[in-house]
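Read through the structures below before going on.
You will see chain A twice below: alongside chain B first, and alongside chain C after that.
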Partner chain A sequence: MLNFTLRRLNLLFFTLLMLSIVSFSLSYFFPGNVLVNLSGEVNADQQRTEQLVVLYNMDKSIFHQYTAYIGQIFSGNFGLSMSSQMPISYELKTFLPATIELCLSALFIALFFGVPLGFIAAIFHNKPLDKIILTFAMVGYSIPVFWFALILILVFSITLSWFPSSGQLNLLFEIEQVTGFKFIDILLSDSQYQAQALKDAFMHIVLPAIAVATAPMTIFIRLARTSMLDVLESNYIKAAKAKGLSQAHIIYHHGIRNSLVGIVRLIGLHFANLVTVAMIAEVIFNWQGAGSWLIESIFARDYTAIQGGLIALATFTFFINILADFLYAALNPLERHKQHGA
Partner chain B sequence: MARENIYQEEEFPSPIKQLWYTFKNTPVAIIAFGCYLFLVFFSVFGSFITPHDIVENNLDKLLVPPAWNDDGDVSYLLGTDDLGRDMLSRLIHGTSLTFGLSFVVVFFALAIGGIIGSISAINRGIKASFLNHFLDVILSIPSLLLAIIIVAILGPGLGNVLWAIALVSIPQFVHVTRNAIKEEQKKGYVLIPILDGASETRVLITSIYPNIIDKVIIQATLAQSAAILDIAALGFLGLGAPIPMPEWGSMLANSLDLFYIAPWTSYLPGLAILFTVIVTNLVGEGLRHSLKIQKDR
Partner chain C sequence: MKVKADSVKVKAINTLFMLSLVLLLSSCGKVSDDSALTKGIIYCSEGSPSTFNPQLATSFITIDATSKQLYNRLMDFDPTNFDKIPALARSWHMTKNGKLITFYLRKDVPFHQTDYFTPSRNMNADDVIFSFNRIIDESNPFYQSVAGRFPFFQSIKFSELVQDIEKIDEYTIRFRLAYPQSSFLTNLAAPFGVILSKEYADTLLAQGRDLTELDSKPIGTGPFKYREYRSGSLIRYVKHENYWRFDVQIEQLLFNISPGNTSRLTKLLTHECDVIAHPIAMQEIASRKDLALEEVTSFNVAFLAFNTQVPPFDNPLVRKAVAHAIDKKAIISAVYYDQAEVADSLLPKASWAYSKSSKTIEHSLEKARLLLADAGLADGFTLDIWAGPIQRAYNPNALKMAKLIKADLASIGIEVNIITFEWATFLKKLAKGEHQSVLIGWSADHPDPDNFFSPPLSCASLATGTNRAMWCNEEFDQLLKQSLATNDTTIRKNLYKQAQHILDKEIPLLPIAYAKRAQAKVAEIEGDILTPFGGISFENVNKKALQ
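After this line comes the complex of A and B, so read on.
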C-alpha cells in the first residue's frame, strides 16, 4: 500500500507540476502584457508596476518567473480578476463550492440509478429488458446536455411548475455565506426558516443535477453491465452455481460485490466528463458556479480568471481521480501490487 | 478440416474486411450506417439541394410553424425562424458545419495522434514515460474546459473552435494507437518480418497498421460523436460559429428567446444534433460489437 501511495502521489505531483506550467505559459499565450495577464492589475500605476515586477521576478529569467508564480499560487494569490478587480481566490471561494455541490450530487444520482440499472441489464442479458435499458443508455449518452436541460425546464418548470428553473436558492431566504456550500450554509445558519430553506435549495438542485447526471449515468449503466457480465462468466460464479446457491443469492453475495470493485476504478476516469457537462448546465440553469463564471470570463477576456478557473477545476478533477484510485486500491488488494500503472 | 476446393485460392480477408463482414450482419448497425452515409451526403451536397437560401429573409413569413401544423406552409416544410429563414434549408446546410466539420476534425486528430502514438510506441524509456504522464494529465482535464481555454487564447470563431477540438481529441488517439501497437508487437507474426531484416518502421507500416486500423476507426467514431457535441456546445455558448451561420448549436442558442412561442425553432436543431450523435454512436457501437464477436470466435 505504501508503494501504491507513493506512486499515486508522484503522479499527482507530476500532474500538478504540468498544470502549473500550462497555466503559467498561458499568460504568455494570451494577448496583451504578460505582467498584466499574471497579476490582473489593469490600472496599476508606475509605482505598483515596479512592485509587481519584483513580485513576479519579471526582470529575471523565465525560470525565476515561474518559481515566483508558483510561490504566489501557494500563498493563495491568483491575481486580481481583470473585469471586477476582485482577488481571484475570493471569487473561487464564492463560486467553486457551488460547482462541487452540483457535481457531487450529480455523481450521486448517476451512481445511484446507473449502477443498479446496469446490473439489471446484465442479469437479464439479451432479454427485452436489457435491450430497453441499453437503448435508454444510448439515447442518454447522445443527448446534448444544453438541449436536454432546456426540455427539462420546459416540462418541469414551465408546464408542470414542479421545480424552479434557475438559481440555487430563493432570494427570500437570507442565508449568510460561510462555506459557499448552500446546504451546509443553511444548516449552519440560525434562520427560523431553516427547514423551508433546505427544501427550497433541494428543489433548486434537482433539475440541474438530473441534467448533469444523465450522460455520466448512461456511462455507468454500461460499465456496470460489462463488469457484471464479466463477473457472471467467471469461475467462482460457476462454482457457486454448482454448489446449488440460488440465482438471487449468487447475484447479491458474489456478483454485486465483485463487479462494484471494477466500477469504482472507472468513476475517476469519467469524472472529467461530468465536470464538462456541469459547466454547460451551470450556464443554462444560471447556477452561480465556477463553470458559468469561467465562461463569462471568456466573454469578458478576463485572462486571470481563466487561469484561476483552469487550475481550480482541473485540480478538483485530479483529486477526485486520485480519491477513486485509492478507494479502488483499498477495495481490491490485487491492484496494490501492480508495478506499473495502466 | 479437409479442404474441399483445393484448386481454389484460399482467401484471408484483411482485418478491416473481416470487420465489415461481421458488421453488415448486424441490422441496427447497418441501418445506422445508412443514416451515416445520408448525413455525409447532406454535408457534401447540402448547399445544392436546399429549397431556400440559408440567409434569405422572407418578412411575410415570420415564425411559420412546420407544415403539419394548421398554420403551416408546405413550401416551408419545417417552418421558419424569427427572421423568416427556412428551417429545413438551415438544418440541411448545418449538417456540413456540425457533422461535416466534426468529421474533418477527427480525421486531422487521428492523423496527428496516430503519428505521435506510433513514435511513442517505438521509443522506450524516459521519452515514452514522459509522454505517458503528459497524456494522463491532458486526458484528466475536462475536454471542453481545455477547448474553452484554447478558444480563449485564439479568440472565438468557428475556425478556432475546430483547432481547439482537434487539439483536444489528439491525446486519445495517441493513447489508443500506442496501446494497440504495443499489444501487436508482442504477437508472433511481427517477429517474422523482423527476422527477414525489415526495419522497425517498415514492420510498423506493413505488418502492424493493417491489424490495428479497426481499433483506431472505432475510437474515431467515438471521438466524432464527442466532437459533434463539443462543436454544438461551443456554438451554443456563443464561442463557436457566428450568428448567421446555421450551425446547430448556435441555431439552438438563437432560438432560446423563442422557446415558448415557437418551440420548433429550438427542438428541431436539438433533434438534429441528437439524431447525428446517436447515428455516429450506433456505428461505433456496431463496429465495437463486431470486433468483439470476431475475438470470441
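After this line comes the complex of A and C, so read on.
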C-alpha cells in the first residue's frame, strides 16, 4: 500500500507541476503586461509596481520568476481579479464551495440512480427492461445539458412551480457565509428559520443537480451494466449457481460487490466531465459557483481569475481522481501490487 | 459479521432514500407558511448600483437602489400633481427676490442604527448643512474623498448658485443664492438632494476610517437601512424600525441583481422575484392572474442626437433630412410594442410647459431627398449610429431601433454602420464626442421643464459631457437662463416655447418616443412602487399573506 500511495502522490506532484507551468506561461501568452497578468493589479502606481517586480522576481530569469510564482501560489496569493480588484483566493473561497456542493450532489444522484439501473439492466439482459434502460441511457447521454436544463426549468419551475429556477437559497433567508457550503452554513447559523432554509436550499439544488447528473448517470448505467454482465459470466458465479444458491443471493452477495469495484475506479475519470457540465449548468441556473464565475471572467478578459480558476478546478478534479483511485485500491487488493501507475 | 454489516448498510441506504423521498414529497405544492418569506420583498433589478449615495450618480440603477429606500430629501413630489410637498422640511419660505430660502426642519427624524454606526441624536440643521456643504465646499474632506464628483449638482451649477447655507437655529436653515433660480426647489426635491448624517461623517473622521465609507456604507433617514451588498449579486436592506413617517410594513427588502431580461421574466413567473424591473412579454404578464402590471407615464424621452461639431451633421440640412426619413410610428410598434407615444418635442406631453404648436417633422422621403440634394449630398454617404447595449427606461432596445433607422435611411441613399460598446465604455466615448450620432435619451429627475433642456443641450452640459449633440447655442442658453430667473409660469412657458422653436429649426437632436415605464409584480404585492420621478420607492409597499 505504501508503494501504491507513493506512486499516486508522485503522479499528483507531476501533474500539478505541469499545471502550474501552463498557468504561469499563460501570463506570457495573454496579451498585455506580464506583471499585470500575474498580479492582476491594474492600477498599481510606480511604487507598487516596484514592489511587485521584487515579489515576482521579474528582474531575474524565467526560472526564478516561476519559482516566485509557485511560492506566491503556495502562500495562497493568486493575485487580484482584474475586474473586481478583489484577491482571487477570496473569490475562490466564496465561489468554489458552491461548485463542490453542486458537483457532489450530482455525483451522488448519478451513482444512486445510475448504478442500480445498470445492474437491473444486466440482470434482465436482453429483456425489454434492459432495452428500455439502455434507450434511456442513450437518450440521456445525447441530450446537451443547456437544453435539458432549460426544459427542466420550463416544466418544473414555470409550469408546475415545484422547484425554483435560480440561485442557491431564497435571498430572504439571511445566512452568514462561513464555509461557503450552503447546507453547512445553514446548519452553523443561528437563524430561527433554519429548518425552512434547509428545505429551501434543498429545493434549489434539485434541478441543477439533476441537470448535471444526467449525462454522468447514463455513463454509470452503462458501466454498471457491462461490469455486472462480466461478473455474471465469470466462473465463480457459475460455481455459486451450481452450488444451488438463489439468483437473488448470488447477485446481492457476489454480483454487486464485485462489479462495484470496477465502477469505483471509473468515477474519478468521469468526474472531470461532470465538472465541465456543472459550469454550464451554473450559468443557466444562476448558481453562484466557480463555474459561472470563471465564465464571467472569460467574458471580462480577467486573466488572473482564469489562471486561478484553472488551478483550483483542476486541483479539485484531480483530488477526486486520486481519492477514487485510493478507494479502488482499498476495495481491490490486486491493484495495489501493479507495477505502473495509470 | 458480514451479514450484519450488510444489513446495516441496507438500512442506512433505505433511510437515506426515504428521507430524500419525504423531503421531495413534502416540498411539492407552493410554500405558504414561511413567515421569513412573507415579511420580505425581493426586487429583481437590472444592474448593480455604482454607489450607495445618489449625490454621486445620475444612473437610474443607482437612484432606484438608493434614493427613496435609504434616504429622504427636504421635499418630495406629490405623485398626482407633481407639486412639492414637505418631507424632512416641515415648511419653507422663499423671499420675494428669490434669493433667500428658509427651511424649517422636522424634529422627530432619527438616523439608521447599524452595526457600523449608532446615532446619538436626531436629524438637525447640522446634518442638512453638511449634506450640501460637502458639494459646494472644496476644502471639505468629504468633497475631496470623492474628488468633487457630484454630476447632477455640477450640471445645474449648484456651487455657483449657492453662496452659503446658514444655520438659524437647531432646526432652521437658510440658503443664500447668488441669483434667483426657479428650478432650485425642484432640484432639491429631486432624488439627488438626500440628507446625510453629519455625526456619522464626524465619526469616520475621528476614527480615521476610510472617508468613502460615507457613500459605500450608507446612513440615512429612509424607510430601510443597509445590511449587506454583494457586488453583482444582491443588496440586502432591512426595515428602519424608527422611520419617522410611519411603521414600514416589510421586514426585509432584497435587490436581486439580474441583468438578463428573460431571467428576470422567468424569476417572476416562478415567483422567485416579487417585483421585476423593465419587464418583457407584457401581454403574457397581464394575462396571468397571479401577476400584475404597474405602469406610469414617466417623464422621459428617447432621441437620436446628432454630433453637430463634425460632418456631416454640422450641416442643419442633413440633420433635417435624416429627421424626415425616420418612421417613428414603425419604431413605436416594433421597439416599444406600443408601450410608448411618438415624441415631437423634448418635453413630454405631461409637462406644464409643453405646447402643442411645436412643429412636427413628418415622415417624408421626398422632402428628405430634396434636403440632401440641397446639402450637396444627393449621392448618399456613410454614417455611424451608436446604440447602447443595455435596456434603458426610455429605450428597451436601442440596437433594434438602430436597425430600423438603418433601413429607413438606406432608402434615401445613406448607408448606416451601427456601432456599440460595453455600457461604461460607451458613455465614456460619448462624453468625448467620438460619435457621429447616437441613439440615447433622457429621463427627468424632477418635473421642472428646465430638466429637459439644460442637462442635454445647454452649453454648460457640453463641459460636463452630458450634451450628446455637442451643441451650444447662445440664444437658446439665454432663453433657458431667463426662464430660470423668473417664477411666473406664463412667462416661463412662453420662453420655453421660443426655445423649442430654436430646436425645431436647428434639430440638434430628433425626439423619437416617450416611453411608459412598467413594472411587473406578483399579485400579493400591494402599494405603488413606481413614481414618475426619481425611480422606485418601497416604503408604501406590503406583501399580503398568501391564503
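The working rule: the second predicted complex is superposed on the first by the 341 of 342 C-alpha atoms of A that agree within 3 Å, B and C clash if a C-alpha of one lies under 4 Å from a C-alpha of the other, contacts with A are read in each partner's own complex, and residues count from 1 in each chain.
In this text, contacts are C-beta pairs under 8 Å (C-beta built on N, C-alpha and C of every residue); 3 or more make two chains touch, one makes a residue touch a chain.
Just so we're clear, the structure is a prediction, and the values are computed from it rather than from any experiment.
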Just from the overlay, do chain B and chain C fit on chain A, or is there a clash? fit
On the superposed three-chain arrangement, identify whether chain B or chain C touches more chain A residues. B
Kindly classify A:L171 by the partners it touches after superposition: chain B alone (first), chain C alone (second), both, or neither? second
Once the structures are superposed on A, label A:L11 by its partner contacts, choosing first (chain B), second (chain C), both or neither. first
Determine, under the contact definition given at the top, whether A:L229 touches first (chain B), second (chain C), both, or neither. neither
According to the stated criteria, A:K199 is in contact with first (chain B), second (chain C), both, or neither; which is it? second
Taking the superposition as given, does A:I158 touch the first partner, chain B, the second, chain C, both, or neither? both
Of the two partner chains, chain B (first) and chain C (second), which one does A:M279 touch, if any: first, second, both, or neither? first
Minimum CA distance, chain B versus chain C, superposed model, integer angstrom? 5
Pick out the shared contact residues on chain A: the ones touching chain B in one complex and chain C in the other. 158
Chain A to chain B touching residues, read off their complex: 11, 14-15, 18-19, 26, 29-30, 138-139, 141-147, 150-151, 154, 158, 269, 272-273, 275-276, 279-280, 283, 294-295, 298-299, 301, 303, 306, 310, 313-314, 317-318, 321
Complex interface listing, chain C residues touching chain A: 23-24, 26-28, 30-31, 34-37, 40, 42, 227-228, 231, 233-234, 236, 252, 254, 256, 258, 263, 266-267, 269-272
Please name which positions on chain A make contact with chain C in the complex. 84, 153, 157-158, 161-167, 170-174, 193, 196-197, 199-200, 202-203, 206, 286, 288
Residue set of chain B touching chain A in the complex reads 133-134, 136-137, 139-145, 148-149, 151-153, 156, 225, 229, 232-233, 236-239, 249, 252, 256, 259-260, 263, 266-267, 269-270, 273-274, 277-278, 281-282, 285
